[in-house]
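These are the structures in question, set out in turn.
The same subunit A turns up in both complexes below, where it pairs with subunit B and then with subunit C.
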Partner chain A sequence: MMDRYTKLQTLGIYAAITVFLIFMLLPFFEMFMASLRPLDHLFRSPYQFWSEDFSFQAYSDMWDTVPLLGRYIFNSVFIAFAVTLLTMIFVVPAAYAYARLEFPFKNGSLAIFLGVNMFTGAVLLIPLYRVLRTMGLLNTYWAMIVPGVAFLIPTGIWLLRSYLEKIPRELEEAAFVDGASRMYTLRRVVLPLAVPGLIVVSTAVFIGAYAQQFLFAITFNQQRELQPLPAGLFEFIGYQDVTWNQMMAAALVGVLPVMVIFLFLQKYLVAGLTAGAVKE
Partner chain B sequence: MADTVVATPQDTAKPRRKAVSEKVFGWLLVGPAMLFIAVIVAWPLAETIRLSFMEAGLGGEEYVGLANYQDLVESRKFHQTIVRTFYWMFLSVALKLILGLIGAALLNAAVPGRALFRVLVMPPWIIPMAIGMIGWLWLYNGYFGVLSGTMMKLGITDGPFEFLAYKQSAFYSAVVADVWVGTPMVTLFFLAAMQGVSRDLYEAAWVDGASRWYRFRRITIPQIMPVIVSMSLLSAIFTFNSFEIIWILTEGGPRGATTTLIVDTYKTAISNFKFGEGSARAVIIVILLGIFSILYLQVLKLVNRKYGTK
Partner chain C sequence: MATLNLNAITKSFGAAQVLHDISLAIEDKEFVVFVGPSGCGKSTLLRIIAGLEEATSGAIVIDGQDVSDEHPVDRGISMVFQSYALYPHLSVYENIAFPLRVQKLGKADLDRRVQRAAEILQLTDKLHLKPGQLSGGQRQRVAIGRSIVREPKVFLFDEPLSNLDAALRGDMRVELSQLHGSLDATMVYVTHDQVEAMTMADRIVVLNGGRVEQFGTPMELYHHPANKFVAAFIGQPNMNFVPATVLGADQAGLTVELSGGHRMTLPVEPGSARAGDKVEVGIRPEHVTVAPEGMEISVRVLERLGGVSITYGETADGTRFCASLPGDAPIREGEPLTLSVAPRDCHVFQANGDVLRRQSAPEMTA
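On to the complex of A and B.
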C-alpha cells in the first residue's frame, strides 16, 4: 500500500526515468544514426534528422575499410579475458589470506594494495614502458595484459575479501578438524562456497579490463594485428576521408559481444559490488 | 572471561602452533600478488621519483636536483592546472552524485519495467571509455552532431556550433561526458544500498503519516550515507584520474582549457618527451592521491562508526 502511486505520480516517475535514460543512451543512439548516414551527408546544410538515403551499407563496408576489424574485436575480448583470468589467479589466494589469516604486516600490505587502487597507469607510463621493454614484452599481447592485471589486482582483492568474510568460519574449522590441509580446505571448502562472489568480482575485473585497454594499447603496442577495438577504431580516421559512418557501425558491432555477456551477469554484479564497497 | 576458565593447556597450545604456520601460509598466498605489484607498479613509481630529479629526455639523463619541482612551483600555468583539476573534479563528482541519487531513487520506485530500466542505465559504464567518447565526439560536432543540429532547427544558433572549439564550452562538454561515464556506477551503488534499507523503517514512518519526500530525506539518505560517502570519494579519485575522456575529446585543448593534472603530465612526458618534468608532475599527483586515500579511509571509518554499518 505504501508503494502505491497515484496515476500522476506514476506518470511523473516514467517521465523522469525517460529523461535519465535519454542522457545515458543518447550517444549510442547518435552513433547508430551516424552509422546509417551516407558520408556525403556529413556537411549537408541544413542539418537533417532523417533522410531517404539512410542505409545499413556501412555495416558491410566497414570490414573492407579496416580489414583487421574482426581481429580487433577478438583482441579486445581476448585481452579482457586473459587479464581477468590472471588477475583472479593472483586475487583469490590473497583475498582469502586477508579475509581469514593473521600474518605479519597484514594491514600494512593491504594498505599498499589500496594505494595502488588510487592511481592509474597514466602517471607511470614512462617507467612502465621501460620495465616492459626490459622484460621484452613490448608489442605483444602481454604488453597490454600485464599492466592491466597489476592495476586490477587491488580492486579484486578489496571486493573479494569482503565476500569471503561472509562465509561462515565453522565450515573451514570442521574441515581442519577432519585433518584437511589448508590448501585442500581453500580449494574444496571455501572456493565452492564463494562462487557467487567469484562471479561478481570477475565481472567487475572484466569490465575494468575491457574499459582500460586504450591507453596501454596505444602506448605499449605498435603491432596492428594485436590492437584491441578501442585503439583499432581510430584507424578509420587514418585514411584519406574519415569514414565516420563505418567507424560508428564498427564501434556498435564491436561492443555487442560483451554487452550480451554482461546481460547475463548484471544481476550478480549489482548485488555483489555493493557488498564490497560499503564495508570498511 | 569465561573462556579462560575452561581452557586447558592443550587448548591454548593448539592455536599457537596453528598461528606459526598461518604466518607463512598467509604470505605464501599474498606474496605472488605483492610481487607482481612490486614489479609493475612500485618499481616504476620509484623510478618516477628518481626521474623527477633529473633533466631527462630521449637524449639522456642529468641530475638537476629540485629544479623540476621549482619550475612547477613558480609556474602560473601549473597553478591554473591544479585549480582547474579540482574544479573539474568537484563539479563532475557533484553532478554524478546528484544524478546518481535521483537515478537510484527513480529506479527504486515500484513501477512496472524497472528491471529493464536498470539494465539500460549500464552501457556507458561497461563499454570501453574510448568508444563512448567516439559517440560524444560526434554529438559535439557542429556540422553533423544532433545537438548542434537541434539548436539550429530551434533557431538558438544560426550556424553550426562546435562544442569543443571554445574554451568554456569545451570544458563543460568534457564534464558532461565524464558525468555520463561515471553516473551509471554511482546510480547502481546507490540503488543497491537503497534496497538494503529495512522496509520496517519506511512502514513505521508511513503509519505515522510521513510523506514520501520526508521518508526519503529522513530515512533513505541517512541509511545510505556510508555508501554516499564512499562513492563520493571513490568517484573523486576516478574523476581526478580521468584521462582518456579528455584526451580523446580535446587532447587538453583548446588552449589548455581542459588540461587537468593527468593530461598535463601525459602531454609533458609522452608528447614532448620531457621525462623529468613529467615525472615531477606525476609525483605531485601521487602525493595528492595519497592524501585522498588517507582521507577516504578516515571518513569511511568515521561514517561507519556513526551510522553503525556492520
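On to the complex of A and C.
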C-alpha cells in the first residue's frame, strides 16, 4: 500500500482524532470515575483525580437503593428490541416498494417521511398523549413502543431503501422471468442479499429506540414496573441527596449489554457501510 | 415447434419513440441475432419479447398464440442476462434449480433435470460452488444452465458474451452454436458485435434507430446490404465509401466517375439513377488488390498482421480508404499506392443510402 500522507500529515490526523475522541469519551470516563468515588468525595474541593478510598461499592449498593433497577434495565432492552422488531416489519416491505416499485406520490411521500424526521418527539408529545389516551394505551409498554416505532420508520425506510437500490435489478428480473412472484423474489433473492443492510438498519433503529425512550417513558407512563432505565435513574435522586456515584454505576451497567452486542456486530456494521459488494 | 412473430411492435418512453413498427417472423429452431449500435433498441426489443417491458402497441405471437399480455413463464421463454444475474448467495446447483423451485417441482425430477443441464454445460463438478468462485466463462454457463433447465420454447440472450475476454468469447461462441444444434430450440440473441452475429446467426436483424434496416442471412447482408448502414455495419474492416458522380446508365450497368477521377462501369441495376446524380461506391477492403492502374491512395497507417496487411490511407480529395492486402504486399507508410477493384465487387448507394441492386451476386450460401 502506498503511503498517501507525509509524517506531518499523519501526525495532524492523529492529533485531530485524539481531540475528537477525548471530547466523545471523557464524559464516559468521568462517569466511570464518579461511580468509583465515595459520595462525600464527589463534592470535595480541590478535585482529586485518584485517592485510596475508591471502590466498586456503588455497584453493589445501587441494587438496594433502587430495588427495581434490574427491572428497569430489562424494560429498556425489551422496549428497544420490541421497537426494532416492529419497525423492521414495517420498514422492509416499505423500503422495497420505494426502491423498486413505481406508484403515485412516491417521491412526495418520501420527502414527507424525511420531513417527519425533522420534528423531535417533544413537539408532538401533547397530541401523542391524547392519541394514546384515546386508544387506552397510556401506562402500558405500548405507550413507549408505538411512538418509538412511528418515529423510527422514516429513518429506517430511508436507510434501507438506498441499500436495496444497490442490489442489481437484473437479479430480480431473472427471477421474474423464471416465474417467481414479488414476494418469492423478496424472500429468496433480495433479503438474503440485503442481510448486511438489514443489520445496519436494525442497529441504527435500535440505537434510536434506546435513546428516545426516556421522553416517551416520563410522559406516557406512570407505572414504575414498566419504566425503562433512563426514567428509572430518577429514583437515585432522593429527598435529601442524590447518590450520584450509584446513578453513574447504574447507567454504565445499563448500557453494558448493548455495548457488548455492538462489539459483536461491529464487523457487519463496517461491511454494511462499505456495501454494494454483492455484485460480482 | 416454436415460431416467434413480432407484429408491428412500437415502444415509446414518454415522448421518445425507441421502436418503430417492427415486424419480424422468426421460424422454428432458428438462431436469430439482433445486431446494431448502442441505443438502437435491440435490448428493448428483446425485453419486450421476454415480457420485462410492455410494447406500446403491437403483438408478440409465439406458436400462433398472442402472448403479449402473458407472464414470461407462460410465454415459454427464458432469458440469459448480460451480467449473468446469478444469485451470489446460492450454490451453482440452486442457481440452476431456481426456476424449478419456483415451479415446485418434485425433488427427484428437479435433481434429474439439474444434473442433465450440468452435464450438457460441463458443470457437474462445480455444482456445490458459489458463483463468486467461478470464472467468467463458468458463470456464463451457469446462467445458460438456469435458462435451459425449464425447457422453454424460445431462448433469449442479451449480450451474453460482452463481459468475457476475447479468447473466451471465441470459445463460448462455438459452444453456443453447438448448444443451439443440440437443443433444437428457437434462439434470439442480442449483440453489438457483428462478428458474433455473422458467425452464429441463421439470420440477422440489423437495427438502427429503432427500425429494422435489414433481416436476412449473414451472407445476404454481406453481399446484398439493403442500404449504406448495413453495408457499413457488416464486414471487418468496414466498407469504404467513395463519393462518385453518375456518368450514364445502360444495360451493362452504371458508369461512374470516382472522386479521384477514376472511371468504372459497375454491373448494378440503375433504378432511378440518372447521369449527374451523386452516389457513393462501396468497396470492401478485402476486394481490392495492388495494381499498376486504378485509384490512387496515399498510405497513412499500415497494420501488418502477418497474413494480411490492413492499409489505411486517403484518396487525393481526402476520402478515407482502407484496404486489406496480402501480408507481404510491398507497401510503406507515407507512400502512394495504386489499387484496383473488380467492378462486380462494388456496391452503389444512392444519396438516401439505399443500395442499387447488384446484377451479378456471388453464390448465396446461407
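In the analysis below, the second predicted complex is superposed on the first by the 244 of 280 C-alpha atoms of A that agree within 3 Å, B and C clash if a C-alpha of one lies under 4 Å from a C-alpha of the other, contacts with A are read in each partner's own complex, and residues count from 1 in each chain.
Convention: contacts are C-beta pairs under 8 Å (C-beta built on N, C-alpha and C of every residue); 3 or more make two chains touch, one makes a residue touch a chain.
Here the structure is a predicted model, which is why all the values come from computation and not from measurement.
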Exercise for the section: Kindly classify A:A94 by the partners it touches after superposition: subunit B alone (first), subunit C alone (second), both, or neither? Expected result: first
Practice task
Classify the contacts of A:I199 with the two partner chains as first (subunit B alone), second (subunit C alone), both, or neither.
Solution key: neither
Exercise for the section: Please indicate which partner A:I207 is in contact with in the superposed arrangement: first for subunit B, second for subunit C, both, or neither. Expected result: first
Handout entry: subunit B versus subunit C as contact partner of A:V253, first or second or both or neither
Key = neither
Exercise for the section: Check whether A:V177 is in contact with subunit B, with subunit C, with both or with neither, and answer first, second, both or neither. Expected result: second
Handout entry: Most subunit A residues touched (candidates subunit B, subunit C)
Key = B
Exercise for the section: Have a look at where A:V189 lands relative to subunit B and subunit C in the superposition and call it first, second, both or neither. Expected result: second
Problem - Common interface positions of subunit A, toward subunit B and toward subunit C - result: 278-280
Completion exercise
Interface with subunit A, subunit C side, in the complex: residues 50-52, 71-73, 77-79, 81-89, 98-99, 101-103, 131-132, 139, 146, 150
Handout entry: subunit B-touching residues of subunit A, taken from the complex the two chains share
Key = 2-3, 5, 10, 13-14, 16-17, 20-21, 23-28, 30-31, 33-34, 37, 41-43, 45-49, 76, 90-91, 93-94, 96-98, 101-104, 106, 109, 112-120, 122-128, 130-131, 146-147, 149-151, 153-154, 157, 182, 207, 210-215, 219, 228-231, 233, 244, 247-248, 251, 254-255, 258-259, 262-263, 266, 270-271, 273-274, 277-280
Handout entry: Residues of subunit A defined as touching subunit C within the complex
Key = 168, 170-171, 173-180, 184, 188-189, 192-193, 278-280
Exercise for the section: Please name which positions on subunit B make contact with subunit A in the complex. Expected result: 19, 21-30, 32-34, 36-37, 39-45, 47-48, 51, 99, 102-103, 106-107, 109-111, 117-132, 134-136, 138-139, 143-146, 148-149, 152-153, 160, 180, 183-184, 188-189, 191-193, 196, 202-203, 206, 226-227, 230-231, 234, 237, 241, 243-244, 262, 265-266, 269-270, 275, 278-279, 281-282, 285-286, 289-290, 292-293, 297, 300-301, 304, 309-310
